[in-house]
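In the two assemblies presented below, chain A is common to both, partnered first by chain B and then by chain C.
The block that comes next holds the complex of A and B.
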């Protein structure tokens, strides 16, 4: 990986490589290699789970020019979804995909990424599966109580939003104050409103990478909401987001064959 | 600072009977921002309007709330009054204290309180209103009419006679529709073709009408006054310019055993054919599925015979792009005729036919030259059973609606049969006789009383064949459900009228809504009966619901009148209630991220991309752009936008929010 990154930087194919490097206390952190020398610091192992696709749409990164990005499967899906939503174009980046067996593939076009994604079945972790089943089994009141209890801890730091590759808006609904849709303070109602709004905005778009949950400093399993909605969208419309540029947006389109059994 | 005026209307006693209007006015006067408040018996009257105008000038009002009836009724009246006094009309709002308050509640303090709450909400809204200018859109004065039946013909002629260009598109090789298949028409028994064919000829000869038969509407985009329509002219395999309509080709075609669509399968046609003698245009068409040359590569008899060399086997579908200001849908209906009635043996017994087939049997131009002969052996039937409501008003068959025309045409069929076969006996099974219309009830009475049609009130349970007779079993519900059995020679089912095949996909192409039976939906069942929910697209005839000829023609003229109104000016004025993407100073330009989801969700295809460029012509940002000519102000994009970058003029998030807050904070 380091060799490829160096080569890409040397040939001028890319101006920056988005990857991981050693951080403090035995953890990895996102790392941005701007030259061959810096590329020496890149690492990749099973600690590298953060979805780096979120950096693609950040101005601080794009100002350097074309990036290469170290990508796991979630990163690739994030890239495709960003392309669906017109945030990146073909040729805007090179993905260095590393699979479970530590083999690396260089994808210079979105089509290559799509071809690769066509061979994989998106999975969520067993842990998340169990949690969703547990929530499904609850009564409405139990579920509301569960979430209210969890949301009590939310401090509205918006780390979930920052971690999400699809939260790329320069103005988020929470920042709109004319009118003020969502209360600023971290209160139970305001917290619920924020998280419901976030989940609704991600319905049919969420790629189920689970980054929002990982980023939460108080450990709310917040990723389960958009993840569950993605499952619902898949069940109702058969659509999985972040797989192919032709996927569109299930919640924004109407097909004559769409089920309407949720009405009435 | 806002200077709001509140005008509370009594509407005679419509409001004041249950709401204390004076109290509402007095309390409104104390609301922050309200500088003037009054009540009056009829605000919409001239003196009422003068009160508003005078107050605007005297109190330098910046906003007006008229609390009266529904804005559907008088919003234009009050907005115009405001404009006359120099206030932007969109700074005037209406609080509906009639339909939404006084009419639906008893007289009480609570009712008055609710009226006040409604006023208060609108006061808060109007504080956030800003002046809007109406939108001008140019109008292309050409109309596209889809469907060349009697409704399409009437609409086309009316629009063309008003001096506007019309493009009439018909799917079949000839115009005429179902009416050209009918023998006589109720309630006058005049010959259908005799009254229709002059109109067909008029269409063909009219200098303002371009006729495209054997053509289909393939795609449309654009908006009222500015539609782009793509028409596919299917290959007729005949050069229409060279063809003289002599008909020689049809006589020698070796493929002769093809069931004629026009004759409803009761006669045969050739592969090269003119659907019926009075067809317009009178030019043949080659049915490529049944043509020997197209199937085997050998034949070309018609080409050899044609004296003008008009037969062209190489002809291809032609795509025509036209621009139009209005579209009228007149695609008509169909009658059920498949395996819909296994219990009646339809499709199994040759002598169980539908009403349209009976029309052909009774027609002088039909397969029997107007003699009533049954299809199986050509014998003249001694007894015919007519079954009304075959499928219609039958929830079990999935058609709960009344097909409307069957009662009348069944009475007509019974009469025609009796007039042609004096010794014959017509029986009619019916549920109710629905003969509402000018001279309609007299007509059905005549069938029963003068022509001796035997009407039996009850449903037919089943029909089976026995010794060459069709045994019709039913019950007479007026005789306590006594079983009835008739050995008929022929059975005519008044099968349900249903929407045309392909109407659903056509509606989707045009973004016109339709009901669960795939009939096109009008914009308002009473007040906008020929408009659709898409501006500039109108409805004529039975594509909307089952209709008889007089109704279809009336609707067609109604639709034409709407088109002519639209074409009366060179541009049309539209309400500025449209969505707008926000714009900001650089470097943000707009909070829109250009994700394009609004573009997908817009039902009117009003949203496109807009590239913001710098001085060097480089794209800095791509955002959404809403075409105000296309936008219908539905607000779906507003609710879908994640970054709240779109707002609806006149109903902005801020305005609605303040309205709701006013209520919550009461």
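The block that comes next holds the complex of A and C.
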């Protein structure tokens, strides 16, 4: 990977390589190599679970020019989803994907990423599976109580939003104040509204990377909401997000055959 | 007042809490909720978490809540009538299990909210809160209180500081009159402990950087690219500020319904893009690097200069909780490294 990154930088194929490096206390952290020397610091192993796709749209990174991005499955799916939503186009980036067997594939086109994704079955972690099953088994009241209890802890820092590759809006609904759609303060109602709004906006778009939950400083498993909604969208419309550009936008497309039993 | 040293047997500590419950005191302490350690109102000593390094959130919300009402207002045609908050309604609280860093953080908050004009709501909350701290007998690699004039047994900000000894009993330092009044509610539970030394029970927290002349080193770094370079991975999520015991940025909002409403104060952060965005669209702190610089400069240069206290107590929470491993001690280390400046 380091050699490929260096070559890409040297030949001017890319200007920056978005990847991981050793961090503090045994963690890895997002890392940005802008020259061959910096590329020496890149690492990749099973600690690299973070989705780096959200850096693609960040000004601080895009100012350097075309990126190559060290991509786990989450990141690849993030890239495809961003392409579906017209945030990235073919040729904007090169993805360096490394599989569990430590083999690297260099994807220069979105099609190559799609071809690769077609060979994998998207999975969520066992812990998340158990939690979603538990939530499914709850009655409506129990479920509401569960979320209210969790959301009591929410301090509305929006770390979940910032960490999400698909929360790229330059103005989020929570920041619109004329009219004020969502109460700004971290009150019970405000928190619930904020999270329902976010989950709805991500339904069928969320690529289930779990990053929002990981980012939450108070440990709310907030990723379960958009994840669950994406599962629902898959069940109803059959599309899984972040796999292929043909998947479209289930929740933003009307088709005459759509079930609409939840409206009116 | 001079600190008095007493012994509080572990069984007596439970009795003390029981007595305080009996007196209908509002007691809050660190409680384990799944993976989380959070401050919660408790009704029995059993609820308290025992084995933890530091609660996930700091204790700042007791004096500076995440959301608080400042006043209410009613509009009647052209007249607006303001109803001030009745400070008498702010309840007394006892917080047990606060760590020395969090207690020291109160000093920074006091300096910020005490600046003319002093914030009476904050001051009343602080006056009505008693802190029974726990000295740290364990620390992790993120803790750096000792690099910043604090320490695992620092008493500043606590009213009573309890240090757990090997037998499970506590060395109790009674630091303030508020602490004394707790002792006075059950004097029979405390035994004389003069001469006892808590030092050997404290966690070992190595120094992570040299803080001498830090203020000037920060200033010298202002125009260099160290901040941009360090913050290149920062995603501007503000988790760092929200978990910090001393960060005090806030936003003011009106919550209205018809002709009535209330003005509220909520936490905010200088790390957020929106914090400095002007209506014109111009943002004087355009990039995350500049926002990171503001965060550090404010804590280690502006606050010492204007308020004579630093805005960081080395609790390490921001680094622990940062989703992209921004480590404040490391960042300061880079800045204080002569070669870089």
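By our rule, the second predicted complex is superposed on the first by the 254 of 264 C-alpha atoms of A that agree within 3 Å, B and C clash if a C-alpha of one lies under 4 Å from a C-alpha of the other, contacts with A are read in each partner's own complex, and residues count from 1 in each chain.
One rule holds for everything that comes next: a residue touches a chain if its C-beta (ideal position, glycine included) is under 8 Å from a C-beta of that chain, and two chains touch if they have at least 3 such contacts.
If you're wondering where the values come from, they're calculated on a predicted model, not measured in any experiment.
By the document's definition of touching, neither partner reaches A:11: not chain B, not chain C. With both structures placed on the common chain, the touch criterion links A:201 to chain B but leaves chain C unconnected. In the superposition on chain A, contact of A:46 is made with neither chain B nor chain C.
With both structures placed on the common chain, the touch criterion links A:168 to chain B but leaves chain C unconnected.
Chain A has more of its residues touched by C than by the other of chain B and chain C. Of the two partner chains, chain C is the only one touched by A:60; chain B is not. Of the two partner chains placed by superposition, only chain C is touched by A:183; chain B is not.
Using the contact criterion defined above for the overlaid structures, shared-chain residue A:119 touches neither chain B nor chain C, since it reaches no partner. Judged by the document's definition of touching, no chain A residue lies at the interface with chain B and also at the interface with chain C.
Put simply, chain A touches chain B in their complex at residues 85-87, 168-173, 176, 178-179, 181, 201, 248-249, 252-253, 256. Across the complex, chain A is touched by residues 504, 508, 588, 591, 593-598, 600-601, 609, 622, 640, 642-645, 653-654, 657-658, 661 of chain B.
Interface of chain A with chain C (complex): residues 23-25, 27-32, 50, 54-55, 58-61, 153, 155-159, 161-163, 175, 183-187, 211, 214-219.
The residues of chain C lying in touch with chain A in their complex are 34-36, 38, 56-57, 66-67, 140-142, 228, 231-233, 235-239, 241-243, 251, 253, 255, 264, 266-267, 269, 272, 274, 287-289, 319, 321, 323-325, 327, 330.
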